[in-house]
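Multiple structures follow.
Okay, so subunit A shows up in both of these, paired with subunit B first and subunit C after.
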Partner chain A sequence: MADPMRIRAQVAGDKATVRVLMSHEMETGQRKDSSGKAIPAWFIQEVTVAHNGAPVMTAQWGPSVSKNPFMQCAIKGAKAGDKVTVSWTDNKGDKRTDEATVS
Partner chain B sequence: MQTRREMLAHSATVVGLLGAAGMLPAAAQAAWNEAAFSAKTLADVVKAMGGGAPAESKDVTVTGPDIAENGAVVPVGASSSAAGVKRLMLLVEKNPNALAASFDLTDKVEANVTTRVKMGQSSNVYAVAMMGDGKVMYAVKEIKVTLGGCGG
Partner chain C sequence: MKHPITLTALAALALTGATAAWAQKTASDGIAEYRELLADGNPAELFEVKGEELWKKARGPKNASLEKCDLGKGPGVVKGAWAELPRYFADTGRVQDLESRLLTCMETLQGFKAAEIAKLDFGKGEMANVTALSTWISGQSKGFGFNLPQNHALERKMYALGEKAFFYRGGPMDFSCASCHGEEGKRIRLQDLPVLYKNPGDGLGMAAWPAYRVSNGQMWGMQQRLSDCYRLQRFPNPDFASDVTIALQTYMGVNQKGAKIITPALKR
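After this line comes the complex of A and B, so read on.
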């Protein structure tokens, strides 16, 4: 299981800005190791953001997203105390879900 | 003797069973658009995503630095002021596969996302907005990279 994500959700006016920092290798599959063999690709393919349990955004990522990916988005109408859940799935089938409270 | 057609049908059944049993990770990620992520150009990506002909528009903005010192971590963002954006995509023209990320939006989120991407070399970065009616708009910005992010 991968390390937990760091999620920060802050109210700004009538919306909440959500910032997520995930912990993932994001290997592209283009690099080679010291013996010249290609390192297999390993990256997050799908990210879902949910607000109080209802999905509000789904992202599909390719291998060119940076290592330990950062993502920012804004949820309309989110208030302090609301729950924001972020989950990802990588191309090896690993999953991780973390939750944060809007402040 | 098995015909090719029968064999294909059989393997499809087996794959289906495996998927149902949760043994194939791919089954959980059926939504991942492999065609779009292996496309090389803006036009091909948009086609794979099912959009119409892309047109440059002022309603879409791409944010990012003019010069990125480290190509492994380039902060880029896509946003659109138009109403009814269904999907925002970020593309790096000179990466091996152009599409970096695609965000499927609902009306609950703003059409404004930011992430960080890897860039192998200085390149044009596109922000593409797909509307509900299939219309595709984009904005482009050149980002110069001093140190490529795909080496090693």
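After this line comes the complex of A and C, so read on.
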């Protein structure tokens, strides 16, 4: 499994702000290595955020997202103690899921 | 008609006002704003997590963790250790910086071959692990002020050597560290240059490395930063953790006594 994500979720009023930092090379497929060969594309294609098990956000990413992507979203109705799960799948089929508790 | 002219005059005034305000923001202010926007979600945090894992994990031929490593404040004491390095270590009989001390611990505690790791390129293999470890360890001194000891004769000798090295002009361009870092208010392209023969203030110079460089997506420890400084001067790159790099850190660290550490930081 890939390197862990850093997830922070904080309540502010009636919603929780979730901030995620993902560890991923996000190769576009356009970069060339020192021998002139293109470095194969390798990037996160789908991101899902779930709140207490129910999916609340799905994102479809492409090669334009930068290395080590940072994402922020707000979940309405989230309370302190709720579980927030973030999962991603990349174009090589590699996956990663991490969990955090809303504070 | 009177009204259109007045409106146009007002519009012209408003435009001038806006342009004047816009012109007052310097290039440095703009860069600082950009950095603030990036600060949330500093990828250096990913390296911190990795570094902490590596510190606690049993690894190497001896299958041991680094939790007994002495960084100068006693075995296993990590909080505040970075703020007091480089310093003299009795067990090795020399002044060491963080990265050379990590190599010592990786060899004595875990059985890795320090000399082999030192030869690796930055970002490769165990060298990448040394960088992750130094990212986490420096983060454990975030908010501390530099407080390098100068009690031992060798520590004072390192300071003197560092001072000499800082002002030593050489290489094909006849550069010294002072060529770029010896004058107030200088900038190279978009990078303000802190004056490093004295205390440049909180969060600058020594206090800002290790840092994640957004421009090339790399995490740089202090050794890599100093090595690249030499490359910029068109000097040959120093050996990993060579005396001159430890001497310079001692010189700058002592000069920056009290300056607040912000590592791991974020750089352009």
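Just so it is clear, the second predicted complex is superposed on the first by the 103 of 103 C-alpha atoms of A that agree within 3 Å, B and C clash if a C-alpha of one lies under 4 Å from a C-alpha of the other, contacts with A are read in each partner's own complex, and residues count from 1 in each chain.
Rule of thumb we're sticking to: a residue touches a chain if its C-beta (ideal position, glycine included) is under 8 Å from a C-beta of that chain, and two chains touch if they have at least 3 such contacts.
Treat the numbers as computed from the prediction; the structure is a model and nothing was measured.
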item: Subunit B versus subunit C as contact partner of A:Thr58, first or second or both or neither; value: first
item: Partner chain in contact with A:Gln45 - subunit B first, subunit C second, else both or neither; value: first
item: Touched partner set for A:Val84, first subunit B, second subunit C, both or neither; value: neither
item: Touching partner for A:Pro4 - first (subunit B), second (subunit C), both, neither; value: second
item: Partner chain(s) touched by A:Lys67 [first = subunit B, second = subunit C, both, neither]; value: both
item: First, second, both or neither for A:Ala16, with subunit B first and subunit C second; value: neither
item: Intersection of the subunit A residues that touch subunit B with those that touch subunit C; value: 66-67, 70, 72
item: Subunit C residues touching subunit A - in the complex, by the definition given at the top; value: 40-43, 45-46, 49-50, 217
item: Subunit A to subunit B touching residues, read off their complex; value: 15, 26, 28, 30-31, 45-46, 49, 51, 54-67, 69-77, 89, 91-93, 95
item: Complex interface listing, subunit B residues touching subunit A; value: 25-26, 28-29, 31-33, 36-37, 72-75, 77, 92, 95-97, 99-110, 112-119, 149-152
item: Residue ranges of subunit A in contact with subunit C within the complex; value: 3-4, 6, 19-21, 23, 66-68, 70, 72
